[in-house]
Amino acid sequence: MNKIHATATEALDGLLFDGMQIAAGGFGLCGIPELLIDALVESGVKDLSIASNNAGVDGFGLGKLLETRQVKKMLSSYVGENAEFMRQYLAGELELEFNPQGTLAERMRSGGCGIPGFYTKTGVGTVIAEGKEEKEFDGQTYILERGIVADLAIVKAWKADDTGNAVFRKTARNFNPVAAMCGKVCVMEVEEIVPSGSLDPDSIHLPGIYVHRLIQGTHEKRIEQRTTRKQEEA
Amino acid sequence: MNKIHATATEALDGLLFDGMQIAAGGFGLCGIPELLIDALVESGVKDLSIASNNAGVDGFGLGKLLETRQVKKMLSSYVGENAEFMRQYLAGELELEFNPQGTLAERMRSGGCGIPGFYTKTGVGTVIAEGKEEKEFDGQTYILERGIVADLAIVKAWKADDTGNAVFRKTARNFNPVAAMCGKVCVMEVEEIVPSGSLDPDSIHLPGIYVHRLIQGTHEKRIEQRTTRKQEEA
Amino acid sequence: MPWNREQMAARAADELQDGTYVNLGIGIPTLVANYTGDKDITLQSENGMLGMGPFPFEGEEDPDLINAGKQTITEVDRTSYFDSATSFGMIRGGKIAAAVLGAMEVAENGDLANWMIPGKLVKGMGGAMDLVAGVGRVIVVMDHQNKKGESKLLKSCTLPLTGKGVVDRIITNLGVLDVVAGGLAIVELAEGVTEQELRDATEAAIV
Amino acid sequence: MPWNREQMAARAADELQDGTYVNLGIGIPTLVANYTGDKDITLQSENGMLGMGPFPFEGEEDPDLINAGKQTITEVDRTSYFDSATSFGMIRGGKIAAAVLGAMEVAENGDLANWMIPGKLVKGMGGAMDLVAGVGRVIVVMDHQNKKGESKLLKSCTLPLTGKGVVDRIITNLGVLDVVAGGLAIVELAEGVTEQELRDATEAAIV
């Protein structure tokens, strides 16, 4: 079971096609698959439909794929902080499907767990409910949301063993496990690959069964909003 | 935020009423809330409806509540290994609703996550589908299963900090996290309560938000099927 | 004198119950954390964390540790991390006792609009729709009127909704109001604000 | 000579692909693990574990470490543990490449019955319905005929179903058959078994 590849480009070999749907992990710029995004830019694959909570910033993260016009549609909950995104969207060059953040996360998990649809009260009575089936349970109205199954998942973890068992660090976990689950194929980048047996079996966040290909690399990990307090405030 | 109680009986104080629904963690006799089951027996609460993957064995685990006739209905996937259960069931003294194991687990998680219903292909075309709504997604048939919200969840973890952040050990995790999630109130028993700050925040299996009351105690941890190999086989 | 931002935040903090888990939105709601006093409150950050601490000291920022506003933060001794599906599972499942958030408009039936102004830049609802649909109690903190002096407490919202009939209590610079059958009920007036002043500043029906 | 239990298990092991995750049922399927040779197979135990090892040495049994048959087991170097919802999420989501399981009846359309005999003791389906509905490939291992000499490969099942049209391949003591359009197709005969012998022992249509 050799899941380890030398580079992001090699790890994506044979998996890409124009018009494909990709699920990407990360929240803002935290825990995003930087190396795989760069490899997607390099590949030139186009007309991508990307399910990702955010769309990166200008020039970093998924923003890079927007600049090269490789993205046809975004499925996100929040796309501020990205002028190029807004320009393309307002010019009608980019489709955008807003999903409430929790609905997006649950749609990914559901797709990965063989659940094609689930009911939620999130968005009932709002534009989010338009065109969706409504159903009453115990006198309350819910809407039907669909599971997402993506052609490819690109995710980033902190460490993984050589069988793909992965651990995330702090809030960089976010959408990564559920994005991994919903991919027909999942490629993961990590900061460190360790031998199997080095991770505590009780503390693995994402079992290797969800990870098909694995690369190790160096990450910029850019901070979007650097907020601090002064030492004397302590 | 004082969640710690001295005894199982004290931890259940004010939470019990006849005819209530209880979700219980554990698989077979592994990871079952032994102390809380004993306290339920002692309390005399009756006409219980219990969602639990199994029904214990004669004289241990949920089997104790069956002997005292406190159970009106079981919602389980597998109830072998329990002669008293079978006797009561065949005599019509006990209701039984079979749920496929994965459906039961997902029903508990869903109920805890505000999802009143989800679609699954498990059980399509079998007796499990009888009376349930069917729906097609992408040409395949699925059935609608309901989320479970229980009046009380009784679960067992390995360790918890004083705010209820809990970790489980090996396969004793099983249904415990999802049972905890689906309880309106959740009482947890652990082998050891540790000060907050002692558990790795990245390795907590069940955040304390799901745990309302907490007790520490000694567990028998009976083994149901002791299987071994001889040293020379190694 | 109407309340200022800090006073509104302090008043909102009074709403939070000891021993609960709460979610604070961006803006004035963020300030609420400074006024919880002796109460044992655990803050959720919906990107996957319970037990949110203050901003880090300079030089100690961790790119792997941010809040839902993408700001660098710290952890506390009870912190736990989890994935986004679990995070919104606890929100949707009603495990979060209260959310405190800002608003553009609130209607007398509890409708809330705080994510979108048609024709303007649309950034998205983020986790706001999940929060208002799921948490135990939705507390809105906002100015009573907009910059043009128009009431933000309306008979019905004009902007696209974040949630329908979801608001429980509104704390403005003029006072505190509850959403009840038939309209809004005055709970409290800011010091020096008269009931008439509040009524005059309110389009919504006050019962 | 028809295959014995060990030979059926060995033949079933041939079905498993290198580098995959599989679930083995109770009985003959459990024996399959002894015949996977050099292939890198990771075993799932649906009570919440990937990477199932052999039984423990005497004295090293751990009550917190059991398989889906409630037997004490051990972990291996790649083991991970998870809760039951996650476990069946990977089953239902098709992440488990194959399940090998026993059966009471298989019909020519792939229907499977292996959990209940009406009028007899009903123990429950456990995880069997989830497995047959979810995994990539369902491989049944069973005797071709029951103790009365009646075919267990039927035109249609008489017992309550575990799953409808779910079986991909059947390995019996007489040979290997696939579920195809119109019935079952013979893939292989056990050494010394003739096609006629297998046909004579089979009620299901063979195409």
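Think of it as A, B, C and D in the order they're written, each chain with its own count starting at 1.
The rule is simple: contacts are C-beta pairs under 8 Å (C-beta built on N, C-alpha and C of every residue); 3 or more make two chains touch, one makes a residue touch a chain.
All values reported here derive from a predicted model rather than from experimental measurement.
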Next item on the list: Using mean Cα positions as chain centres, tell me which chain lies farthest from subunit C.
Entry: D
Notebook entry, point to check: Is the C-beta contact count larger for A-C or for A-D?
Noted result: A-C
Note to self: Rounded to a whole Å, what is the gap between the Cα centroids of subunit B and subunit D?
What the structure shows: 27
Note to self: How many angstrom lie between the centres of subunit A and subunit D, each centre taken as the mean Cα position?
What the structure shows: 35
Item checked: Centroid spacing, where centroids are CA-atom means, of subunit A and subunit B in whole angstrom -> 32
Next item on the list: Note the residues in subunit B that touch 2 or more other chains, in rising order.
Entry: 106, 109, 113-115, 120-121, 168-170, 173, 201-202, 205
Check: Using the touch rule from the top of the page, what residues of subunit D touch 2 or more other chains?
Finding: 75, 81-82, 88-89, 91-92, 133-134
Notebook entry, point to check: Which two-chain combinations qualify as touching?
Noted result: A-B, A-C, A-D, B-C, B-D
Check: Where on subunit A does subunit D make contact in their complex?
Finding: 1, 109, 111-115, 161, 163, 165, 181, 196-197, 201-202, 204, 207-210
Next item on the list: Give every residue of subunit C touching subunit A within the complex, in rising order.
Entry: 45-49, 54-67, 69-73, 75, 81-85, 87-89, 91-92, 111, 121-130, 133-134, 160-165
Note to self: Touching residues of subunit B toward subunit A in the complex: what are they?
What the structure shows: 106, 110, 113-121, 135, 137-138, 140, 142, 146, 167-170, 173, 200-203, 205
Next item on the list: Report the residues of subunit B in contact with subunit D in the complex, numbered from low to high.
Entry: 27-31, 53, 76-81, 86, 98, 100-106, 108-109, 120-128, 158, 168-178, 205, 221-231, 234
Margin query: Help me check something: in the complex, which residues belonging to subunit D touch subunit A?
Written below: 18-19, 21, 40, 42, 44, 50-51, 75, 77-82, 88-96, 133-134
